[in-house]
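First comes the structure, then the notes that go with it.
So that you can tell them apart, the chains are marked A, B and C in the order they are listed, and the count of residues begins at 1 in each.
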Amino acid sequence: MTVFLLRRLLQAGGVVLVMSLLVFVGVFAIGDPVEILISPEADQIERERAVKALGLDLPLWQQYLVFLGKALQGDLGRSFVFNEPALQLILQRMPATLELALGATLAALVIGLPLGLYAGLRPHSPVSRGIMATSILGFSLPTFWVGLMLIMVFAVQLGWLPSTGRGETVEILGTRWSFLTRDGLAHMAMPALNLALFKISLVIRLTRAGVRETMLMDYVKFARAKGLSPSRVTFVHVFKNILIPVVTVVGLEFGGTIAFSVVTESVFAWPGMGKLIIDSINVLDRPVMVAYLMIIVLLFITINLLVDITYSVLDPRVRLEGKS
Amino acid sequence: MSTTTAAPVVAPRVETPFRRFVSEFAESRLALFGLLVFGAIALIAILAPFIAPQNPYDLAQLDIMDGRMEPGTVGGAGFTYWLGTDDQGRDMLSGIMYGLRISLLVGAGSAIIACIVGASLGMIAAYAGGRTDGAIMRLVDLQLSFPAILAALMILAFLGKGILNVVIALVVVEWAYYARTVRGSALVERRREYIEAAQCLALPTRRIIFRHLLPNCLPPLIVVATMQIARAIALEATLSFLGLGVPITEPSLGLLIANGYEYMLSGKYWISFYPGIALLVTIVSINLVGDQLRDVLNPRLKK
Amino acid sequence: MTKGLQAAAAAASLAFLLAGAAAAQTLTMGVGAPVTSLDPHYHQLSPNTAVAQMIFGGLTGTDGSARVVANLAESWRAVDETTWEFKLRQGVRFHNGSEFTAEDVAFTFQRVPNVPNSPSSYAIYTRPIRQVEIVDSHTLRLRTAVPYPLMPTDLANIMILDRETHGSATTEGFNAGPMAVGTGPFRMASHRNGDRIEFERNDAYWGTRPHWQRVTYRMITNDAARTAALLAGDVEIIDQVPTSDLGKLRVDQRLALSEVTGLRLIFLGFDHSRTEASPFVTDNDGKPIPQNPLKDVRVRRALSMAIDRAAIVERVMEGAAIPSGQFLPDGAFGHVPGLVPPRPDTEAAKRLLAEAGFPQGFRLTLHGPNDRYPNDSRIIQAIGQMWTRAGVRTSVEALPWTTFIGRASRQELSSFLVGWGTSSGEASNPLRNLVATADRDKGYGASNRGRYSNPEVDRLLEAGMRELDDAKREALLQQATRVAFEDVGIVPLHIQKNTWAMRRGLAHNARADELTRAQDVRPAATAGTAAR
């Protein structure tokens, strides 16, 4: 186990390094940050000054080395745009995105699992067909479009929910969370649902597929033959077995949700990390992009680690491997 | 959990002839209907240049004075815009026919390539384990955490704009999903007895992976793949929405939707609505076929 | 659809009534561009300027039509060719009670060029000042090396800070709040980066006190979401109204619009930097043309003539622009009366092209951004249609601003669409930046991305820049403008209108410089006139 963890950590370091290099080269290829950030009024002398001030006058490899040197001391650089430490900017925005992603994941499980279970147990009933057909909507319509439709219906037409933004927040341990207030929840409902749509469909489909398959397994047949009640068979034997793919995908999707919350956050003006990264990409704020990607990579690696550990707990056939 | 899982899974030698596959597939009327609809859509896409009233990609045939016309209006060129026009005066019906071509090409193309790349890598990772597994899975981590938008922006910067580059961007973004899914199920499968048996027989590794492991990992893969085709098309729409998709003069369904999005609030629904319907029908038909395929191909659902 | 919208109307009007009754003295605004810094000297960007003008104040200011007006300075005059004297307003206090004096101005001028890490500083406005002389506590003399007529205009951009308070102020200090202390009509109450800023009224403001006790300034960058927020009653006024929504909002009984012709010209630039083949120009077989046709004034004129500007304004911009043949709209300093765009004429354009040696036309790729200006990618498609009809087969490529602008600046494109907002409101600014020969030491042509160069334009402009007499200067600038446009250095398309939408019952002074500020909004009743 220790060897396993140590190895994962080393790999994580490598991934982060590759990521930072990619972003450096990538941003260099996309465009010149000064060209984007500088006021159109600026003359050539002011442009040269800005290039120097942002440290962009050095050759790219030198800029990268400077960055690495500072990063090793825990300094990921200052945002070109905000002149604040990139890490701090991201951490400030993180709670907003986390609560949105958690809300979406929760919604996906709460809605997706029962529906999928039903559709799997009664694959030929009209209700099941209805569920499956509707679930297609979840991933075929572009997120931005569904987002606007949600706003049109629930905020503009019905007036039930606030259209955009994040609601009232409560401070816990120096971070601000909005899911503890009524206003906060009201603001969160639509973006969380918007973000969850794809996941709900995914969970429904995975659960259904899993259930159908497991019902035909010998141990399930055996359990039924033994005269166990259908609900016991369903919830103990079947459910436990289908959790593996669902856990994989939901775990995996949690990271993806954070990385893909970009569109939802910009449609709903949700002040999270996704909004920050899209704004940073739009102005080529490299320090923020690098820091953001590094944090996300670490997050992914952690989640995958957790998923792998969960595997071994849920299914003894899968072992964590120190060495192959 | 005890070891009741000693499932006598049939080693999936492809013993079912094609005919049996067809008849099993045809068991579901819905799937057949889906296949029919999809066939019709594919036909429209292929024949678009011959049946569309206008070539929506030729700027000389468009006139902004015909822009944003309501469905059913007769335009300057003398024919009726049955589904209205977009802001450039592009006949929506022709636009959808041509857009289908691009969307299918981009969606199916990227999903298939990503599936092949991702599934192979995932399978290898699960089977080889150890260092190979670590390397591949960290690559997956890297890829999944990289925002699609940034990846697309970089590819755009390196390769320029074009339909092929959108496909590349989507493959880069999507392959990791397949890899992760396949590895997840392969990890379980490879501990099963039939694999151990195959190993005992000293069958070549490649044979074990592709003849024995892969077919048993197929069901979740097909679930993911049918969804990912849809998702790829929707993602392409999102890229277009962010200005990173296909060229604006050759709109895909996604770009048509993204373009019409701005007119939704002002009631000019047709610019976004009809391409949306076309997209929806396409994706539903793909999924109806995919669902049945998954059931038919699943060795474990055989009685 | 219509029924749904009617229901929406009913629901939203109720929301409006409630909002109106409960919160008479509070205002919630939704703006489209994010504010990046509350440090008024860190990053020169219009949204930052708008917020800075709510919290701080400059020696001079500009009114809604971009004319220079008194602000913290009551009056000014040129003492001699190279000395400007400013008389400061008496009795002005910063939010923390500290008094405003000439010392503060001198301190400010010193800080402006020395803000660390600034990606775009305001130093371009203080650079002409060679020496600051404090005559008495409320009189100041600024000496320049050469005559500098634009001093009062430029100083409207410089927000004055307090020497006692801001001695060691950092940008972070401003963003966090403690340093956001100025002389302006509002004080900053809270700031959530990228989300919202909350303001309270400064009751000790020296000028006209704004109506609003509390203001929430929300940043909603997505266009449709911003309009939806207004329709849902979550915000009371929005800026940058998407042109696609204008028609609908105009007829909505619950809403009012305010609109003014702005100062942003949308134009096409051409590759003037190459006499040999230009990268995106080919003959009809796709082979490069050895001589760059865009160097020929007849070709440029033909391309300008092929464009139907009125059609673009009406169909693409939905009326939110005016066709233009020059930099500035009527009424601005340096506007040339009678300099109008050519009448659209496809046949004449074809004849001109034939005369220039291209009877069969040629092929061209027109580039433009797709996320920068209203309808930018739609405009270039429309122009693509028009040029193709005139025989120049045009393909259109729309790119995100991040990749587009770098390529345009490196002269990698043959023809491209860009915009220019003349924040100073007078003609020397676009002349200097867009059509003057690029020259680092003079600071000319910094945004002349096509590298147009005309010695006559340069000569007239330089003469104008030295002329302190307003009438003579205007005449010189007008002449320079006329020469540049008759030579078709750039192809002007239209000048945008700036539009705000608000709930009925509010009135707003629309600003030509696009800034959205709370002091420009008031209840319609107290003002007596409704917004146009």
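Quick note on the criterion: a residue touches a chain if its C-beta (ideal position, glycine included) is under 8 Å from a C-beta of that chain, and two chains touch if they have at least 3 such contacts.
These figures come from a predicted structure and were not determined experimentally.
Looking at A-C and B-C, the interface holding more C-beta pairs in contact is that of A-C.
Chain closest to the overall centre, judged by the mean of its C-alpha atoms against the mean of all protein C-alpha atoms: A. Averaged C-alpha coordinates put the centre of chain A at 21 Å from the centre of chain B. Averaging Cα coordinates per chain places chain A and chain C 37 Å apart. The distance from the centre of chain B to the centre of chain C, each centre being the mean of the chain's C-alpha atoms, comes to 43 Å. Along chain B, residues 153, 156-157, 242, 261, 264-265 each make contact with two or more other chains. Shared interface positions of chain C, defined as residues touching 2 or more other chains, are 5, 224, 228, 231, 371, 400, 402-403.
Contacts with at least two other chains are made by residues 30-31, 148, 152, 281 of chain A. Residues 59-60, 62-65, 67-68, 87-88, 153, 156-157, 161, 242-244, 247-249, 261-269 of chain B touch chain C in their complex.
The residues of chain A lying in touch with chain C in their complex are 30-47, 49-50, 53-54, 78, 80-84, 89, 92-93, 148, 151-152, 155-159, 162-166, 266-269, 271, 275-276, 279, 281-284. Those residues of chain C lying in contact with chain B across their complex are 1-2, 5, 223-224, 227-228, 231, 242, 244-248, 311-312, 315-316, 370-371, 377-378, 381-382, 384-385, 388-389, 393-400, 402-403. Residue ranges of chain A in contact with chain B, taken from their complex: 7-8, 11-12, 14-15, 18-19, 22, 26, 29-31, 129, 132-133, 136-137, 139-145, 148-149, 152, 198, 201-202, 205-206, 209, 212-213, 216-219, 222, 240, 244-245, 248-249, 252, 255-256, 259-260, 262-263, 277-278, 281, 289, 293, 296-297, 299-301, 304, 311, 315-318, 321, 323-324.
Contact residues on chain B toward chain A in their complex (touch as defined above): 1, 4-8, 30, 128-131, 133-135, 137-138, 141-142, 144-150, 153-154, 156-158, 177, 180-181, 184-185, 187-188, 191, 219-220, 223, 227, 230-231, 233-234, 237-238, 241-242, 254, 257-258, 261, 264-265, 272, 276, 279-280, 283-284, 287, 291, 294-295, 298, 300-301, 303.
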